[in-house]
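Scrolling down, you'll hit the structures one after another.
In the two assemblies presented below, chain A is common to both, partnered first by chain B and then by chain C.
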Partner chain A sequence: MTESNYDEIMKLLCDRLSDLTNADVLIAPETNLINQLSIDSIKLLNLIMEIEDAFDISIPINALTDVQTVRELADLVHKIKITSS
Partner chain B sequence: MNLLEKLDAAAAARKALLPDGVGAFGIPIEEVFSATEARIGSRRVLLMGTNNYLGLTFSPECIRAAHEAIDKEGTGTTGSRMANGSYFGHRALEKEFADFYQCGSGIVFTTGYQANLGTISGLVGPGDTVLIDGDSHASIFDGCILSGANIIRFKHNDMADMEKRLRRLGDNIETTLIIAEGIYSMLGDQAPLADIVQLKNKYGGILLLDEAHSLGVLGKTGQGLVETTGLLNEVDFITGTFSKSLCSIGGFCVSNHPQLEQLRYVSHPYIFTASPSPATIASTRAALELLRKGSHLRDKLWSNCRQLYSQLQEVGYQLGPDPGPVIAAVVATPQQALLLWQQLLEHNIYVNLILPPAAPEGKSLVRCSVNAAHTTEEIRYVGDTFVKLYDAINTQA
Partner chain C sequence: MSSTIIKLNAPLTQAFDFQPSSELHLTPTPTLNTLVQQLAGFDTLTSALEYAAKGVTGYNFYDAKGNVRSVLPYKTLRQNARTLAQRLSGFDLPRGSRVAIIADTSPEFVELFFACRYAGLVPFAMPVPVNLGSHVIYVQQLRGMLESSQASIALANIDYINFLEEAVIGVASIRWAGTPGKLNELPVNDSELQSNHPDETAYLQFTSGSTRTPRGVVITERALMCNLQGIVRNGLEIKPDDRSASWLPFYHDMGLVGLVLAPMVTQISVDYLATRDFAIRPMQWLRLISRNRCTVAFSQPFGLKLCTLRVRESDLKELDLSCWRAAGIGAEMIRPDTLRNFAEKFSSAGFDANAFLPCYGLAESTLAVTFSKINTGCNSLQVDSKTLIDKKMAARLQADGRKQNEFVNCGRPLPGHIVKIVDEDGHQLSEMMVGSVLVQGDSVMTGYYNNPEETSKALKPGNWLDTGDIGFLFEGDLFITGRRTDVIIVNGRNIRAQDIEELAEQQPEVRSREASAFGINGEDGATTIVLVIECRLTSPTERQSLTTRLQQLVYMAFGVNCVVELVPPHTLPRTSSGKLSRFAARQGYIQRTKLVDQLSFVESGDR
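Up next, the complex of A and B:
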């Protein structure tokens, strides 16, 4: 997995989060998914399923408990993608 | 936000859905008259929100067995089996469950919740994987959390999604536990067990099936989904509860894997809790005997299920895909669900109200549980009332 792959993950996350939330909110790596974007658990799980398919990985639900920001989610996806490659 | 403020916030969210005075959750039941009737406030209501599928809560055999056990062994065991010992009844019930499922061994747990908690957390641990259906019961999910294993869920009953996730597991399949349910408690639909078994045989893994809602309901002798599908020998572990068709409280796990016995030494929800009381065990043993011989009860139950399901479906209610003892009307908003629930209670019918996030995919449900003791007339009255309320509910959107 290269740096460009990480960027690809970040871009996909930002694009999808932008679609899911208020268009006025700027999505950045440090944006908090719950507090700033008000993503509820159902929307988050649907987003996770989309990401899983996009990168052909499975993200354990319990790994998400440590995820608060967009960057943390990108880090998790990146880590799983590396270990499953 | 401190700890107490967090609870205040949760309470405020609940109150936003349910106005003061609407006690839909944990409603006070003042008197219970029979398997089908009780008093709520000043109303004599028809119980359509229990899981008393075979209607055995007042069976003379179960009541007599419980009375005799209390007289003989007292009201409680006052401790765990590990420390305080296993009574004759505990061991007898375990053997009866193992025999019922033609399995080598069985373990009894103090509740159905603990049966899943204890079995799952005993079978898998950190570094292992559990692959669970997206609509899994909280006891399955909590068992997975307690185990520390990686939890991966597949879309509810979606075999393409399940296969994709099995494939992604690669070598980790060797330490993977797959979990499904005979009948899912929210919409009353069944797991596609034949497809699940096929995928398990293709990729590997160990399969656990929770027959909590299907025990006593499905199959000629009431074993559950394993019996209707003829796949008893393909499932590695079967769990279930005593609190539905068996009308008491407790749970079990049976298996042909001799390693099941080891759970008694590693499973905290088995070890560190008081064992089931003598009365509970005795009434469960009596109910299991009635369940095994109860094909007439299952026939009546299914006749009631089909009658109510078809009546609700005909008028336009959105229901789960399979008729069964759990019949849930899916409505568009929590407000509609609340109105329907309140109106049914006004008509002396008690059902379950299920609002987000408890229901799957943010749905709002008004859930009926049908049982074998309901008369044809009672089922017709419930169906007619749902029909009468259909337009009022849908114009309220």
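Up next, the complex of A and C:
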């Protein structure tokens, strides 16, 4: 169950990120959100809103300071999801 | 997969419904007070709170879904702040010692801020971290402020305490660091709280995220009271039935002075939404205004832009913004189009474009310098672009078809304040001539804390504050044509060019004085940061590595993307004293990249 949740989170993140950014970057867990995807503050806020609504969680802003890759973001969402449900 | 996507695209009604909280039901403080309204005119912040505490109004804090999270009437604030002050007194610190507080939008921050004043201490607000991957740089920024202010005490709530604990390591002045909860465990010292004097410092306001040279603006009680009085009496004409709503961060001057302190000195209620919650769901701010019939709410142009971008037709139907009489706009260059788009979008929800209230100010003058006339909306002047460039003069547009620039009327100085425009040699210019904007009056800071060098750059003889901004006067009203080249504003955030250059110079490949940062405006008005580096590297891999690293560092520190250009040594233009000129560096970049229509007159040299 937990495993499939994680995959679902990763899938959603990758899908949303490829919509938000240039199509020519292949999104993988190790992709760096900052220097490979150039996620600016507006895109980031959009992404957070979509994640929050899709998984019914609240992402504390202080936790994002340790996130740089897609995997780190997925780990964070997963951790919040587990502790909130 | 498809089900997830469908869910994402479906209207998110559930999350936005205003259902009465099933938990503890809190009632926000009322709009109408039981107390006769006094419009500022107090001698200190604490005497203003002593008066406000006699009424029933106060501060209300809302969560991301629009439910009341906590209510802090001025009466309770006074009581809690006094008790906290007596705990702080136990440290036996000299009067005027600095207290650093990480300022999230919470009742705890406001209580601590006032507790400091009751205890004769000087509080200052530090930002919350907002950028991806910013942990290390954020801690450095905090440490820079702690060191520059020589703070004795540092506080953060449970969400941010780990950053603070990292930041205080090795800061010699720190006597105690902890959470408000930990402070509450300290004993109450029963010695009497002493009243403050108008000449004492009320607070510091940091204006830069620099790790090496932070600048803490020193504002006295007198300056604060003077500015607040001007804002509430002359700028806003506050009345007993006013109510405010705000998402502005408490660590910015507009959020703190304009939407925390100004409501308190007029005893009106305020509804707060955390900045993060606004940024993700801007409609929540407008819903608060609509639901609670708020009359006064400020934003940067960027905040209005976010609302315009995110609103849906269904939102418009449920909003009634006809109550909003003062929509203050400030903190960055105002483009008339941003306001027009907002008004167009929200007129069907009852928004009255006459509510727009453009104003101009800066933390170095407490908050406000000029206010346009209330109830007259946004007025602008169209001037001929060629005359503006060739003669540095604003000539009103005579004929259609000529290239023109449109500038917003920011109104007149608050009573007791003078604005003048000067040329590069400091000589006063006549109306319509474009030059540096200088301000004189009681709201002006006494200086940057512990930073005589920066202070002498900003404060000219006769106590004229050089704002660093560029503009002209017309019939006594101020029009800003460009902001200083040392500040780049991206998505509503002020970023000092020097802070970006500093980050670059910390890289082993970059020598000092070989980096120059500035902003370039796109056709849509969006600003891109450009960082030009004089670089000796020849290997493409090394060059790419430097470029990527710089982009990443800038993002982590400031949350924005930037263009990095590596140029051969001696490319960047220098002044006769060997200083880099950002203005010339920008012109050079524009010529290299053939963005000639960007060549600009409106921004003058660096301060």
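The rule is simple: the second predicted complex is superposed on the first by the 84 of 85 C-alpha atoms of A that agree within 3 Å, B and C clash if a C-alpha of one lies under 4 Å from a C-alpha of the other, contacts with A are read in each partner's own complex, and residues count from 1 in each chain.
Everything below uses one rule, namely that a contact is a pair of C-beta atoms (placed from the backbone, for glycine too) under 8 Å apart; a residue touches a chain by one contact, two chains touch by 3 or more.
Owing to the predicted nature of the structure, the values given are computational and were not obtained by experimental measurement.
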item: Overlay on chain A: chain C relative to chain B, clash or fit; value: clash
item: Touching partner for A:L33 - first (chain B), second (chain C), both, neither; value: second
item: Touching partner for A:S84 - first (chain B), second (chain C), both, neither; value: first
item: Chain B versus chain C as contact partner of A:V67, first or second or both or neither; value: second
item: Which of chain B and chain C A:E8 touches, first, second, both or neither; value: second
item: Chain B or chain C, by number of chain A residues touched; value: C
item: First, second, both or neither for A:I57, with chain B first and chain C second; value: first
item: Colliding stretch - chain B into chain C, listed as 42-50, 60-68 or 168-176; value: 42-50
item: Footprint overlap on chain A, comparing chain B with chain C; value: 40-42, 49, 53, 58, 60-62
item: Residue ranges of chain A in contact with chain B within the complex; value: 40-42, 49, 53, 56-63, 84
item: Footprint of chain C on chain A - complex, ascending; value: 8, 11-12, 15-16, 32-35, 38-42, 44-45, 48-50, 52-54, 58, 60-62, 64-68
item: Complex interface listing, chain C residues touching chain A; value: 1, 4-5, 7-8, 12, 15, 64, 128-135, 138, 159-160, 163, 276, 279-281, 306, 491, 493, 548, 551-552, 555-556, 559-561
item: Residues of chain B defined as touching chain A within the complex; value: 129, 144-145, 150-153, 155, 164-165, 168-170, 356-357, 361-362
